[in-house]
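Next up: some structures, all given as structure tokens.
You will see two complexes here that share chain A, one where it goes with chain B and one where it goes with chain C.
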Partner chain A sequence: MKKRIGVYVCECGPNIAGAVDIDRVLEAVLSLDGVAVAEKYGLLCSGDGKKYLVEQVREHGLTHLVVGACSPKQHELTFMTVCEESGLNPFLFQMANIREQVAWITPDTEKATERTIRHLKAAIRRVLYHTALEQKEIETNPDVLVIGGGMAGISAALSLGSSRKVYVVDKRDALGGKALKYEKSSPGMANSADVVENYLRGIETDENIEVLTNTNVEEVRGFFGNFLVKLRENDAESDARELRVGAIIVALGMDPLDSEVLSEYGYGKIQNVYTSLELEQANVDGKLGMSGGGKPKSVGIVHCVGRKEAGYCSEICCTVGMKIACYLQEKFPGIAVTEFYQDLSIPGRGAQVLYEEARRAGTEFIRATNVQLSESDDKIKISYERDHDKTEEKPVDMVVLLVGIGPPADAEKISNLLSVPLGKGGFFTEEHAKISPVSSSIEGIYLAGCASGPKGIPETISQSEAVAGKILAGLVPGRKIETEAKTSRIAENLCMGCQTCLDVCCYGAISYNETRGICVVNEVLCKGCGNCAAACPSGAASHQHFTSRQVYQEIAEIVK
Partner chain B sequence: MSQNAEVADQILVIGAGMAGIEASLTLAAAGKNVYLVEREPLFGGQAIKCEEVFANMECATCMAAPMQQEVLQNERIELLTLSDIKEVQGVAGDFTAKITKRARYVDSEACIGCNACFDPCPVSLPNTFEEDLGERKAIYISCPGALPNVPAIDTENCVRFAGEECNLCQEACMFEAIDFDQKDEEIEVRVSAIIVATGYDLQDVSQIAGVEYTESGNVYTAREMERLYASNGPTEGKIVLRSGKEPTSAAIVHCVGREDIGYCSAVCCMYSFKFVHYLTDKLPEIKLYEFVSDLCIPGKSYQAFYEKLKDKAQITRFQNLAISQQDDTATISFQTPSGEDNTLEVDMVILAPAIVPAKGASELAEVLGIRYGEAGFYGTESGIQSGVDSGRQGVYLAGCAQGPKDIARSITQASAAVGRLLASTD
Partner chain C sequence: MKKGHLLPAQEGVSQAVAGFLKRCLEEKIFDAVVAPLDSHAGYNYVLLDDGELLDKVVAMPPVMPVQGAKAVQSLTHHGNSKKIAVVMRLCEIRAAVELSKLRQTDLENVFFIGVDCSGVIPLPDYLERARDKPKDTELMLRPLCQVCEDFSLAGNDRVTVVDLHVGTMGLGDSSALLIPSSAAGEDVLRQLGMDSKPVEEVNQWSTKVGVIRNERRKARKEALADIKKKVSGLEGLLEVFSQCIECHNCQSVCPICYCRLCFADKGTSADTADDYLQRANVAGAVRHLPEPLLFHLGRMAHMSLSCVSCGMCEDVCPVSIPVGRVVSLVSEETRGIFDYMPGRSVEEELPLARFELEELTEVEDV
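Right, the complex of A and B next:
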């Protein structure tokens, strides 16, 4: 079919008309190959302007549209909608920014006119090589797989169970995670086990939630809306179970930082040195006390264990230390509790309340560095530097090490299964640390709780509910999802199977077809970032709306 | 569709900062129709006042603008700027809210945002958006790039509204967008749920004992610093003192007002070290001091940011700090942790004031019938919960209205509020 391009220049009041000789521009472009009509209009983005454009496309039987106006940021979508209304594929359209890039910055009319001609010619040459792109719709499965049945996993499942089937998978033999081991949760000091058990009752009574304990995730294929997951019971010879789900939540929780750090504090050698988790467990078991029985008269709580090695602050240890001080003071009235801290990290109102409570109960806070433990008689000698110079010592009966939070033990395995990368500290990486903190870079795979970094229980629940919000909004039963139209493609005959594109794809959208020896783009997952097109050494990968030809044609005209 | 079903699909979001924007976009994706109410003439909240945000030092506008554009283009979201909530009645599932939408006096449909109306305006006054460091006209947009890109007339300062004959802006407008006859509107909406995302303010440092701060001196607030560094700010990103000189030394003071308010504001340590980057970026020779009480840099990525910048400033721990201003300098008097008295004279002092509830927060809480604590933040931080509960069914909280937090947590809480809302209506 013969190409018939319509070129329309917006006067934008005096903004363009006052700076550019538009009539000369129109005359210059009208004679170009493929241009059927070139006109100007007062304000194309106005209601009348849009109607005018629709009529023009129909009247002249236009196959392509070029608009010279403001920044595409402002009105590209406006004119793409015009295309749709007039029956033209919206990708057969190109916008030239002649207001911001020419009119507003070029005082000389002669120069501005020449530049405008060049911008428009570039747009015209480019649009000739545009292809019609379609936004596809795909059917989806609304069900959700939750990996990990701790606080993050169960609170997410409970928020989703009313609208779809939710599978909660945990390799352990029961749900509840670490929060079950705490008497109280800091900083709010609510009864943790009660709350978790309440959640678990909710899970039990929700018919839509299926719990799969002692179960591992073995394989994950597919994409947002259509994942196929293979599960297998621990050590079972039984067949794998296959599930179809539309979204996956990574709620693996955390594990305490490496034990190597602990041995530096004499942990395992010196009696009555406990980790915070051990103390929590002993507390809920009613076994709080010295190892040989008996009540401790003095306890030192050492903060920031493992922080230096890990290179980050675990966020919750300060308040955990204060919580433990409160446990001890309640159980052993008159006990002397000393917190050896570096910096008190207690953001927010709740943490301050707990801090004040710990102080009121008589807890001593010492800013200390270089804390070391040694045995001396029946006591543990804590030596430390106060204010970075004075070395002091304090003998205590018992020491609690506030061990930092590390990534969950399974992080690497699950990361590989899902193609969701691990980043800082070995935690799962968010799609965007600030504005997309509960999504992963793979659409349809979400992160909740400590899997993406250390956090307390309130923040964990907040993340779980946030994931639920994303899924409830984006994966609605019976609703199809729209895919990106501007995707990449890999030409079969040019691809040599080097798989360079696999490494640079941020969205897990490319896979390697072993039998054919080529890479293939999944158009549902592809977001059109163009990384593969830039990295491909053989020119097989290209972005459909930024092909080399389109870009070169545009550049050739603009640099003339 | 029955009227009830229609109401079920309508949601009111109060406050169009990052939290309100995120909540609105997620609700719209779920098929809800959103009234997004913002009291200022522009939206984007506090985040858009920053040139860059920690810890990745991303351009804040570049981060926020695509979300803002999405709000403006989304047919399911009606953004009501210059608007206040006057009354809320009803129950979860069927609230009626009365909103006053103040006149902008510029027709948003007709205006193309060319700004031709500013030049002829005879009135110049300090721009509060720029912390009074720059000026604006009586017809204005708050800063270049502000969205929506439609000016508003400040009737308190416009000479026409004071009774003089002036229509210079109207004459300059080629699009007949300026309409002096626009009236304030009373809008009534019926919604099934409400999300409150009204954000925060910084504590007024002039009220803090021991801190001498005047708007002509060498002591600056964190927000003034943000605008000084902003490329769309009053100095176009040039860091100069009010006297016009470049500072050769600066002290950044953490925890200003913390003792008064009684809690840690969560984000000040991080942005204070961001200022080290700002200042050394523009003035490589500057001598910098950070006055720190406790470093609060939680999470997997914040410490690395601190470590990258800590050697570019002398870090001093302090207690009992006081600040006084001289003609060309400012002096910090403080005690070291071991109790020694000390003073330091610098060209510039930058304060990191406490985060406090937004102006009018308690009044709005009364209108909404929601819980607010001693400090004035909504809801509660106690117990085991995400913080989105307002104490009134059908009303949810998001962002700093509930307590100080960074952008990531505000966004998370906004999605969480939507999660709770959608889960309860499914």
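Right, the complex of A and C next:
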């Protein structure tokens, strides 16, 4: 069939019209091979503009569409939808960014016009080599697997249970996680155990939620909408259980930072030196006090334990320290509590209030560096540098180390199972720290709570509910999901099975077929990033919408 | 070096190595051996499990008709290999290791025996001498062999994949050293009761290798500087590569070039006649066949990190382009960026396959 390309230049108000001689551009491209029509329009992205384009495609019987306008990031989808409406395959379309890349940055009209012509010629040349791609739809399973039954896991499960089956897996023998270890949670001092138990009652009464304790995840295969998960109970004798789910939530929580840092503080050697988590547990158990019995008369709370080594602030320890100061003063009236801090992190609405409350109750705050502990006559001697110069000492009965939050112990194992990478500090990496904080790089696998970094309970619950929202919106029971059409392909007659592509694929979309000795792309998982096509030494992997020929032709035209 | 064994070699190193391999087969330490054999006045890698034929083993053949890594690839590409001992030059072993990272060789059951390398004579020169010249005519080695630093394992921490090494340099003609270089290598000598710990000979060997290496290192620096001058800039590259007749011999003999169909042969960038004319209008003229330089630049990009400087490519170039030295020069610089040494160890990942958060910062935000 004869190719009939329609070229449309958007004036974008004065943005493009004011900087480029559009009439000259149209004249220059109209004579090119295959171009059937070249027109300009005021604002192509407007309702009227889109209607105009649909009519043009039909009227001129266009086979390809080229639009010179703004950045594809802004309106590529808009015009692809126009293509669909007019019966044109949306991949037989190419956009030239003549606003950001030309009009806005080229003050000289003559030059801007020349450059616009180049950009449009490149787009016209490229579109000739496009092929029509088809979006596929696949059936999905709406059920959800939650790995980890702490605050993050159970709150996500509760938000999802009303619409689908949810499996909550925890390797421990009960749900609840770390939040059960606190009597109160800072900064609001709500009764933490009550909150957790409230949630757990909700879990028990929800028929859609199945709890699998003492259970480990052994294998995960598949992709968004169709995961196949193998679980096994802790005792290795039992049979594995297989589940089908559509999405997975990583809610593994946290573990305190490594004990090596602790030993530098004499933890484990000096009596009455506790980690914050131990003290909180003793408080919940009603066993608060000195190791040989008796009440402490003075307590030192040391902040930022492990911060320097870990390289990040754990966000919540400062308020935990203040919370502990408050309840120690309540339980042991007259006790002297001193907080040894380096920098105070007390953001948000509640923390400042808690800080003032702790001060009012008599807590002393000392800005101290180089804090060291040693034993001296039944007491613990805390030596420190005040304000970076004076060395001082303070004897106390008891020391609480505010240990930073580290990644969950299972992080590496689960990371390998799910192909979700671990990042800084050993936490799970979000798809994007700012704009996609609860998604992972693998579609259908979400992160909630401390698995992706230190968080307090409110933030954890917000994340869990955000994840639930993503799943409710994206994985609707009975609805199919559309897969990416612009995927990679591996030509089997060229593939030598070197598996370089496996190493660079961020989506776990490529697998090695041992019997055929070649690599294969799973088109549902592939997001079309093109890493494999760039890395393949044999030229076997290629991106369907960025073929070498398309890119070559585009560049050849632009550098002509 | 505290371990090792002195192997008597009155009938030459090849016979001594053959004797050693025979014992290994008898003791069922290996199921088979791959080694260069003198056959029909040529040298070929042969797979054998037969003691008789081992008499024809040539531990250090004067030529390299096939890069040994290709032999290992052809044998082990599809896995399931029995235990085989492979006798090769170090550059061949290193290429086989590079190929293992690209899953083209499976080294699980391969036992590498390296041999002190006396260098390779370019095949055309060798054949010419065999035909027309007196047998004792002195022949030059491959240019890359003349400047090779990795010809022996003595004092060499750049190659860690050899299991057992045969040292011959500095020892005279009547003995050779068997130096274990891995746990498996030590194991084999233990099983055979070969443990004479020859201190003096090891010293002689190391000293001799050290002397040669120092000379080679200096020569390599000079040779690469010389090549660098020749190929600098587009003009220099065109000067050197314009003679290319696009036979792609260099690609077909390169042990690292493992693609089924070369990118350059796929015609991906081939244009229509009209397009060529348009390009000619812009550029002034377009050469046909097009882009020999693109082919060579492509090879440099694809091969340079894994290039073991064996010199195969240069041997087979019918128009004497110093292609091996150019790629070796580029290789020196590219692997320098990643602190990578091709064939140093199986575990060292290819820079392309390894993700580093902080990498190539000098080219960021340019």
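Heads up, the rule we're going with is that the second predicted complex is superposed on the first by the 447 of 560 C-alpha atoms of A that agree within 3 Å, B and C clash if a C-alpha of one lies under 4 Å from a C-alpha of the other, contacts with A are read in each partner's own complex, and residues count from 1 in each chain.
As a convention for this text, a contact is a pair of C-beta atoms (placed from the backbone, for glycine too) under 8 Å apart; a residue touches a chain by one contact, two chains touch by 3 or more.
Bear in mind that the values here come from a model prediction, so they are computed numbers and not experimental data.
J.: Contacts for A:Cys12 in the overlay, against chain B (first) and chain C (second): which applies, first, second, both or neither?
T.: It touches chain B, and chain C stays clear.
J.: When the two structures are overlaid on chain A, which partner does A:Val438 contact: first (chain B), second (chain C), both, or neither?
T.: First partner only, chain B.
J.: Hey, is it chain B or chain C that touches more of chain A?
T.: Answer, by number of touched residues of chain A: B.
J.: Per the contact definition in the header, classify A:Ile366: touching chain B only (first), chain C only (second), both, or neither.
T.: neither
J.: Looking at A:Asp503 after the superposition, I want to know if it touches chain B, chain C, both of them or none. Which is it: first, second, both, neither?
T.: second
J.: Tell me which partner A:Leu344 touches in the superposition: chain B (first), chain C (second), both or neither.
T.: first
J.: Does the superposition put A:Val284 against chain B (first), chain C (second), both, or neither?
T.: After superposing on A, A:Val284 lies clear of both chain B and chain C.
J.: Looking at the overlay, what does A:Ala485 touch: chain B (first), chain C (second), both, or neither?
T.: In the superposition, A:Ala485 contacts neither chain B nor chain C.
J.: After superposition on the shared chain, which partner residues are touched by A:Ala190: those of chain B (first), chain C (second), both, or neither?
T.: First partner only.
J.: Taking the superposition on A as described, I'd like to know which of chain B and chain C A:Tyr312 touches: first, second, both or neither.
T.: first
J.: Following superposition on chain A, which residues of chain A contact chain B and also contact chain C?
T.: none
J.: With touch defined as at the start, can you tell me which chain B residues reach chain A in the complex?
T.: The touching residues are 18, 22, 26-27, 29-31, 53, 55-56, 58, 63, 67, 69, 73, 110, 112, 114, 116, 174-175, 262-267, 294-304, 307, 337-338, 373, 375, 377, 381-388, 403-409, 411-423, 426.
J.: Flag every residue of chain A that touches chain B in the complex, lowest number first.
T.: Those in contact with chain B are residues 12-15, 43, 45-46, 70, 73, 77, 159-160, 162-163, 185, 187-190, 192, 195, 307, 311-315, 343-353, 367, 387, 423-425, 427, 433-438, 453-455, 457-459, 461-470, 472-474, 476.
J.: What residues on chain A touch chain C, complex-wise?
T.: Checking each residue of chain A against chain C gives 493-500, 503-504, 517, 535, 537-539, 548-549, 552, 556, 560.
J.: Which bits of chain C are touching chain A when the two form their complex?
T.: Of all residues in chain C, those touching chain A are 78, 102-104, 258-261, 263, 266, 268-269, 275, 278-279, 282, 302, 350, 352-355.
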